[in-house]
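Presented sequentially are two complexes of chain A, the first with chain B as partner and the second with chain C.
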Partner chain A sequence: MIRVNGEFRQRARLDKNFNAGQCFNCGTCTALCPVGMAILPRQLFRYVLLGAEEKIVEYSDSIYSCLLCRMCEENCPEGVLIAENIRALRRYLVEDVYHI
Partner chain B sequence: MTEKKIGAFICRCGGNISDYVDVEQVRKEIAREDNVTVAGINMFSCSDASQEDMIANIRENGLDGIVIASCSPKLHLNTFRAMAERAGLNPYQYIQVNIREQCSWAHTHNKDAATRKAVSLVREGVAKAKLSEPLTPIELTAQPSVMVIGAGLAGMRAALALGEMGVTVYLVEAAPEPGGSIKGRKSLFPDNSSGHELVESLLERIRANGNIVLYTSAEILEKTGSVGNFTIRIQVDGKNETTLSVGAVIVSTGSGSYRPTDGEFGFGLSCVLTLNQYIDMLDSSTDTFLLNGRKIRNIAYIYCVGSRRTGKEGNRYCSRYCCSAAVHTAVRTHEVDPSIGQFHFYRDIRTYGAYEELYHEALKKGSVFLKYGLKDPPQVTEVSGSGLRIRAKDLLTGAETVELETDLVVLVTGMVPGENSQLIDILKLPVGKEGFFNEIHPKLRPVETVMDGIYIAGACQGPKTLSESVVSGMAAVAKSASLVLTGKVNLDPFVARVLTEKCTGCGECISSCPYGAISMKETPDGTVVEITESLCKGEGACVAICNEEALEIKGYGHNMIKAMIEALGG
Partner chain C sequence: MAISREHILALLAQNLENRGSVMPVRQKLLTRWADGLGLPKGGKTILYTGHMYQIMPFIRAMAAKNKKMDGSWLEKYAGFATVVNRIVNIVNLLSMGASSDDIQFYNDILRNIVTILGRHGIKPGYLYEDELYAGALAYDLGLDSVFERHARAVHDLLRRCGAELIITVDPHTTQMFRLVYPEVLDNFDIKVKSYLEVLAGSEREIKGEEPERSIVVHDSCVYSRYLDMVDEPRRLLAGKGFKIVEPLFSGRLTHCCGGPVESLFPEKAREIAEKRLESLPEGTKDVATMCPICLFNLKEAAEERVHTADIASYLL
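So, the complex of A and B:
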């Protein structure tokens, strides 16, 4: 079960640079991904929108496996900045979770 | 009497008829009938070329009546009546026989029987044409005034437009103030206009226009008369009665709002509001944004409450305005306090047309949308100390169960029919199965009702946005103004006629008439009844009740009906 946390995005400073709100779940990103991430980008971003912090930590390997090749971003029909969102998540993991 | 010359034309309808009915066989058999001077076949009778051919035929052969065996009269009765008139024939001596909807389409499995049935039907038409007589439509004068019932936005805008055309308008409102459902609203989608200002600016123009009389706290008591000449009695402030004469009536009484049942999505708990209640709260709050003295941190919206239901509870229809109203409200809330988290539990988002921009704005400002299915609707429970908890399956996150603690739940409810039973009874308004008023045709006659001269506008006809309400109000203005400004009304001549030589003056028919169109008349030869043609609807209750066959409907005489039955049987 996911506990929705409305304050997570603000607390993790993901509000300004994270634009997955307009994702309409078409799956283009998943079909194009050369890596085959263990979690679909669209599902990962849903967890972020809902503030499911523990899920993001659980899938940190996937977040780091992304090549940032931007093939998905180029082809996203809704203009979601997928690679930028992944980078924002990495920053959050480094600073707020691993405290590096 | 000289023998009548009848022309009969059988339509192929491009195969719709001739694929299943042997039209040549029908033509041959009809050509043998007495009085049939011409029997022809058309590929498409309604085409210009076929009409010109038939007109030439009528003129060359001096026909007294014609029969066209084609589609339903609903489609082309008026087309061919106009054609008959152009040929110099009385339009009521044209008879349409339906051999498409009621023959070829219904009997595609048996061509022989379909052909035999078509022959019988056309024979019946010929029998009717033989006895048809020239009739003239009844012309009545129309009062140059319109009553608009309901002074919401649609009614006020309609009244103003009519007033500007020079029509006298009586704008009748049940509430003490005009303005309907929007008068207190601060911000309406899509352009954030103020409901209060809209109402005030219209009122100012209505008051400045000399043709409009506004009655508030008014009630409709009685309606008599018919199209062009209604007499309506109203009561103002529960005491003063006034009688008004109008040529047409526009009903724009608006709608109600769906009230959830106790416990439906937590309705009844202190922090569960309907969208309208929440908008009231938003409209009345200033800079602080508190609920029961506590700052709001999270808001959850539940969409389609009471709408698009398949079972016994709630309504089957979509109210079409609520998605847009809810996302517009969310955008306003984001602007009041961007730190508030807003979660939308929806089934399908229907922010159609340009309202899609509102949805994208809500997304951009941080609203999160979660999709639920009817099988697993969100469950709302009260949590002591921390407000409310919603548990739902989010179909956008692989149907995982999500749980949200929230301070406020907003139930996005739709529109329901208003409470108008007295008005429905007085005006004899047609009501659809959902309880809204019914138009004659949803596409071609969208604001007319089966009651001639009574039009409907706005949300009393079904859920509408404000702009759609005003559009239908203006459509009703066009229809009612074209009626009252012409100054006259033409009615079909199919009204009752008294065969005075047979009438015994028993008066049985007087009480059978629902329109009060029959009265007693003294003549030198005794007492007989007489018909007031402007009141008669030609529905025939008096014909059936008269033992002497002393009443008949013009165009449907006793001898004609008998001849038609005989022709069908033979």
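So, the complex of A and C:
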């Protein structure tokens, strides 16, 4: 069961540049990722949009294994700012989960 | 038991906050490369190293220790280090044993850059011991609060020394100054150019005698996809007489070297570097990189299979 939190995005301050809502789930990012992330960027972003906060923490290894290399972004047909979205999730983990 | 990622991040944040760098090695070792070059201190045009080339030998020394310990060096020490690090500079201890050959190797790249710029009539100043790390790793890891405080300190420093043009030597520092600082700071209006852009825009052409010597160009992700800098290195290498060979992934579609995850996932970094090496054209002998992290990672993975060197070494 996934617990959702409708206020997660607001609370995590993901509104400014977080444009994962534009993702239409085509999988180009997944096909090109040099890391082969354990969870695909598009799945991760779905969890964020749903407000599945626990999943974000559960997949923090994947969030931190992203190279921010933008290979995915360069080819994204919807112009999703994938690297910046990942970085925003790191900021959320640092501030709201690890309290650094 | 492995130490959690939050301890690793806390250690890096602590270093940036208290020692001005995520990788605070001794100041003397950061400025030694400039000995004898006669670079003036400060000035309107300054060469900004951001410490990136200088810290590579120390990262290598730590990586070697880590290899023996089967896991990330940071993971092994972080929990302990965040407490002790307040008093003792743990990074200094861990990076002891950096080889003098490595230090010389990376320092020579910076010296080469100054020599090449000099041939084009460009003689920048340097901030020596005042220079600060630009903060790229902290920004990338999402340590935004400490990064922003640090960026303000760097900006104050640049304002105090009256810098009008910063000439950078690596893609990560260039990205920080050109894209990130203007976003997070008020009134950051200092011009920023990579030395490769300065050279490519120079009226004096780089000319050379390297007839028919082929060279494979490994683009930096940051130069190509963040900063849209693809043509400049190629123009400079071609001017020097090299025959440029493009790997399977090049230019805006370049393949990452894996370096960005070295601090948290060293095994993964090596795996990605291997994949990059496998994608190089068959028979590749010489590879040109333009980022100290790419150089470090590909060199470590390639060992003696191919000759990997910084572009400045080829342009000299």
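Quick notes on this structure:
Rule of thumb we're sticking to: the second predicted complex is superposed on the first by the 100 of 100 C-alpha atoms of A that agree within 3 Å, B and C clash if a C-alpha of one lies under 4 Å from a C-alpha of the other, contacts with A are read in each partner's own complex, and residues count from 1 in each chain.
In the analysis below, a contact is a pair of C-beta atoms (placed from the backbone, for glycine too) under 8 Å apart; a residue touches a chain by one contact, two chains touch by 3 or more.
What you are looking at is a predicted structure, and each value in this text was computed from that prediction instead of being measured.
Aligning the two structures on chain A places chain B and chain C side by side, free of any clash.
In the overlay built on the shared chain, the residue A:Y98 is in contact with chain C alone; chain B does not reach it. Touch criterion met: A:Q10 reaches chain B, while chain C stays clear of it. The larger set of touched chain A residues comes from C, when the choice is between chain B and chain C. Residue contacts after overlaying the shared chain place A:A31 against neither chain B nor chain C. Judged by the touch definition given at the top, the superposed model places A:L49 against chain B, while chain C stays out of reach. The gap separating chain B from chain C in the superposed three-chain model is 22 Å, by closest C-alpha atoms. Across the interface of their complex, chain C is touched by residues 34-35, 60-61, 64-65, 67-71, 73-74, 87-95, 97-98, 100 of chain A.
Residues of chain C touching chain A in their complex: 5-6, 9-10, 13, 139-146, 221, 225-226, 252-256, 258, 260-261, 264-265, 268, 272, 275-276.
Of all residues in chain A, those touching chain B in their complex are 1-4, 6-7, 9-10, 15, 21-22, 25, 43, 46-47, 49-50. Chain contact summary for the complex, chain B toward chain A: residues 297-298, 339-341, 343, 360, 363-364, 366-368, 370, 394, 396-398, 400-405.
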